[in-house]
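Two complexes, one shared chain (chain A), two partners (chain B, chain C).
For the complex of A and B:
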């Protein structure tokens, strides 16, 4: 008997990996997840974008180029994946609002309306048009959030500044979970006698109990309250990561941190184990199948050099979008950079194409042709493709 | 040094327990890779705030780019320690091994003095916090245990560490009995403080002195066919990470390759089919607090794996919270507020689960969490012993 043999090893702790892991664990499989560090999901606004180009994400997906990996996912699976996510997040006290037929807006820190499909309940009350008058509460010395940007776009916006005694999103968020601080803050807030329709905060209202804090403030002042995502460190991104991680563990999954895969053990067309150097001797974890969800460039799944683009774990063949001078457009903020198409080409079961390995499946932003920035499909694609990868993986194991 | 790989994503900042509660500390990104670009050998170190880093290494675990902010800060701490006079508290904790040796020879008197108001006042005057009660010295140290040399196959040299030796030799004895019950021959090699307290208090020279002595001793045992096992996750991290790394111990690599956390070793025995422990039921609802340095060992959570084999055990893993004590860190008056805020936060999360017992591999985590919460704290090895019917008595 070996206690460290698994049915499936997931590589990468982002939205795709943790979701795939939880799905397998829920079905009784022995799952381990290995990761080098924490995922880019921590840097995100916490919103689940499915396809932000259209008012209705489902119609938007139909309009995506034929190579886009969303076309490997049926509408039924997309719906299931979002339902599953919402149920899981409710269980972890981080409820998400929204439905797949219609995108919603969250107010950005620049005062624009950003499209997303499912949003954390702390952002649910964000204005859906330019009519609501809002009052912003910000914090003295908080460098990551300037209400002036929002006021320049929404002229009737009011704002007040609270001195929390600390000056970073992280430390203010942790203060909000202390009873004494919270009570003092509420006393100050109620004295303001805010006239506007809604009250907005930068996303610093707690880490573990944000939904509850937003709800409590809203009840106490009798007005809708919502959060505005900030630049990283992003509390909503971290809450999402913590909730997904907690859910995976709750279902019986095991996580190995700081576990960079640097080698494999193989036999014929099968990968038998992945190994990491660790401080002395290499450690290895065996599994029947592997799910690769290491993300793209920032996440650490892909590396680009002057000449080529490599996949970092299994050295899988990567789709390279033309010669290097076509990878980037001149406009830095363009959404059409060719590099957005780079990634792993897969068949409809999300198994990498042109490789001899039979027991690898991929999901999330490491897939090719995603163009996540342009299509606004980050976390939504991760959830949906995780479901497909898990289905193929289960069929393979059986 | 790989500070140039930092992409300024701030994931490390989100993971820094000190940054969360102490606005004086600029966080691992600024104190590590950012400040590193401005550190010059030709200028005196003026970054006193690097001393506020507790060396929990959470930033290194979180970094998606392989930067090691804690290591960069550790170097800066050593440099600051060299160029500035050290406080009395730093000097004392660096030499904790000698003080503890003295303390355990004179256990009843030492404990009594530490507990009196006068004693506490004296500690506070030296910059030592009396917020967390000091661990009590025990008369009979583990070093005095009789060696048990049976002709059995697997042989291990047990690096028990100062905490077990001076304060909780009973746990050390349980671990020996646990391993013996799995047909493993345990010896206690000559050993000294691992060196981490000296390193953490800015005394690289003393750390290297301890490390060299330990390395010579452990290396002999490895050559004679022994595996080294450790139970204190911070000793383990120092031996595995700092001996071959910052301390540049020649035998460092060999020792790292042959050293195991005690639970990691038991799993190895099970996987190899060498031991087949028959775990009995343990009806307990526990919170498993993961010490920061266990995370940093990059071996997963082996004790959690073993506890999952015990019928009746209900446990929840907490690896997002640092207890705040970080060895001698929280005992310094300047860090007292940080330590107690972090400790209380960990406890409030643990309390939400309704757990009656806190498990932690690290003695100082147990001291902090038990002291602040009043809940029972146990070493995971004690749970295994309970499950296998091994008692502390012979």
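For the complex of A and C:
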């Protein structure tokens, strides 16, 4: 059996895990990140939602129920975590706009205004109210975007259809990074006589160089241009994941892909290593501390059976919001489904409560009482709690 | 205004069967259905073509009818019946006396029933519980109720039958005490329609009393709700029944790529407000799990309930209520046909049309048992081989339905309802239950201008709310995971608001 030693092993490659990893690597720790695969961040809009309760997320956080994990994070840390994120993303050529004191909107593919806090620069020009007239450029046969839904709410919206010859967001995005395709497209676009104030695209404008493409188009047509995030697969989500991943590696972190933790090695109150049955490469990774950031149900951190809810890596105790009948309300549109509270209960250092392990810290959506949809606090909570978990982890190691 | 001879209200198996029978006997007719075909009990059942075995002990008359109809449907509907065969399995502790009664009952009725050893049974269905004592093999089959309705309607359409779906009957027109026609509203456009006829047939199943009351009549019925669950794959190639007195959770039926298991029996009042309780789902899973243990760990993609429109009975246990049917002559030009079951729909239609012919004093006899269902080739569903020929531009990834296919159905049916596409292509029937593809199908309908942008938005909302009713009782494991993802998409990424 091959053994590899690290200071910290992170489990889960989402926004929380990659951020925690980068923070530790920046401080000179030897960090490995193990993951089963790509995170749910790839499916997201790419926006950093901090708290959508009020116009000012910081005030919204103060109003969250007392059990909410945001209360383990100081305002200073929240500010630092967002600053750090914006700096890191600038370094990775994926600039984000926005500030922690004020939420902003992105236009959704249904024409609604979705509240977020920091948004990819490609969505910065999105209308902030229902007044701006927009013109949508869409693509023939694109199966995940239909301007009709937006027109149902913004009646004056115009649209034009370009035939890219391919039908998925991913293939169109890769075409946009080919010079020949781009030039042909621009020739077509500049011939359109667009009257509306702004020009919108489904989020297919490249994968590596989206902010540059948006900027170029905007200069060429002399109007603000913005992207509308689509249903998964989401290009802005994937860009965010790629940038976080790149940043973590740049700071010296190592990622083990398709590395499902199936066992642990322990001694007293300490987890010594995590193991996986893979052959031909390290199948046991030792570390002084572990950060668990495997996400909630979709991410694969939690599993529900008919009778119980389990945490999948360390079998940590899980807060279960009542019997199965109470997990979901009858109304689909209710954001009050009890299941939103399921997760790991932690102390203020984000160490799991009611367990003997001293060297596990948790962050992100696996925490209990997050109610992410209801509170609009997904990636923002992941960034902030990653900072707290890293701080606790460093104190522990010292 | 339309004038015809016979007005049929209800587009379930019975109503569609009556339309076919009338067409084959040359009687002009018009069928009105408030939703889509098979929208009531016909579509909300397990799709079992009974061998009659289930009733051999408790209701020999129903058992005989079932077996005879089973033979007929296998013959006339070769392409829409899957001849799976069925097993009645006896588990340790199940009464041996019932087994004797069962075999004797089958023999009396003439249902071929062969007792086989547990080893032989497990050979046939490897997923069976190895603890079973024995099994009895019977000719149960599985049938697609929706396709069955479409095929019956095809015969009617080919012979001039007038069909209106999504038309709700609002009034029965009477003149001198006789029913002479109906008024209906087009649910999509709000347009009113008046149809006159000599005879009205009320074949509305669970809604029979509601329709009869429009003519000042009554149809005494007991409505019994039954819950069913759908698995995400096929666990058995044969129908599996429990060899005991009819009880909750005693049947598993394979259908296309999935299995349906049920049922429960609860007397209810309102057929328009059905909820499936978690406890019903748990009962079905644990009972089905006794016959096929793997059922306990299989992903359930949906749970739903249907209503059995049974004739009024005072029997306390609703499993015991007769599955027989009855034709009620309201003596005012309206007939109601009530009770019965999917398997005997053709016989019910035959008896109904015999009654109509007698009242018209016409002689032509029934031909529905001899002539094969027309259109089986085109309407043979959407088999996998056909789906795999074009993998470009897939709109529904679970069931491999392409954009071209969706567009073809929209053009062909000019439908304004996404359910019609679903029934005809299996779009949205897979594990995500339309979570991704309905957004697309409605978008395509809007692109093709069959619905307005506002309608597409409103229909998407309505769909999500309806879909959730079916999914909510089955939320744990991977289905819960998928549901949370779909919820993040609509309520998070797309920021869909709560309807006003």
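Observations
Please note the rule applied: the second predicted complex is superposed on the first by the 391 of 398 C-alpha atoms of A that agree within 3 Å, B and C clash if a C-alpha of one lies under 4 Å from a C-alpha of the other, contacts with A are read in each partner's own complex, and residues count from 1 in each chain.
One rule holds in what follows: contacts are C-beta pairs under 8 Å (C-beta built on N, C-alpha and C of every residue); 3 or more make two chains touch, one makes a residue touch a chain.
Given the structure is predicted, the values throughout are model-derived calculations rather than measurements.
With both structures placed on the common chain, the touch criterion links A:249 to chain B but leaves chain C unconnected.
Applying the stated contact rule after C-alpha superposition, one finds that A:114 touches chain C and leaves chain B untouched. In the superposed model, A:298 lies in contact with both chain B and chain C. Look at A:81: by the touch rule set out above, it reaches neither chain B nor chain C. Contacts of A:208 after superposition on the shared chain: chain B is touched, whereas chain C is not.
Touch criterion not met for A:368: it reaches neither chain B nor chain C. In the superposition on chain A, contact is made by A:167 with both chain B and chain C.
Comparing the two complexes, residues 40, 43, 167, 232, 298, 300 of chain A contact chain B in one case and chain C in the other. Every residue of chain A that touches chain B in the complex is listed here, in rising order: 1-4, 36-40, 42-43, 165-168, 170-171, 174, 177, 208, 232-233, 238, 242, 249, 254-260, 276, 278-281, 283, 298-300.
In the complex of the two chains, the chain B residues touching chain A come out as 7, 9-11, 13-15, 19-21, 23, 27, 60-66, 240-241, 244, 253, 255-259, 267, 270-271, 273, 276, 295-301, 304-306, 309, 317, 319-320, 345, 349. Taken together, the chain C residues at the contact with chain A in this complex read 275, 278, 282, 285, 392-395, 403, 436, 439-440, 442-444, 446-447, 452-454, 456-457, 460-461, 464-465, 467-469, 472, 475-477, 480-481, 484-485, 487-489, 491-499. Against chain C, in their complex, chain A makes its touches with residues 40, 43-45, 108-110, 112-115, 141, 143-146, 148-149, 151-153, 167, 229, 231-232, 234, 296-298, 300, 303-306, 324-325, 327-328, 330-335, 339, 372-373, 378.
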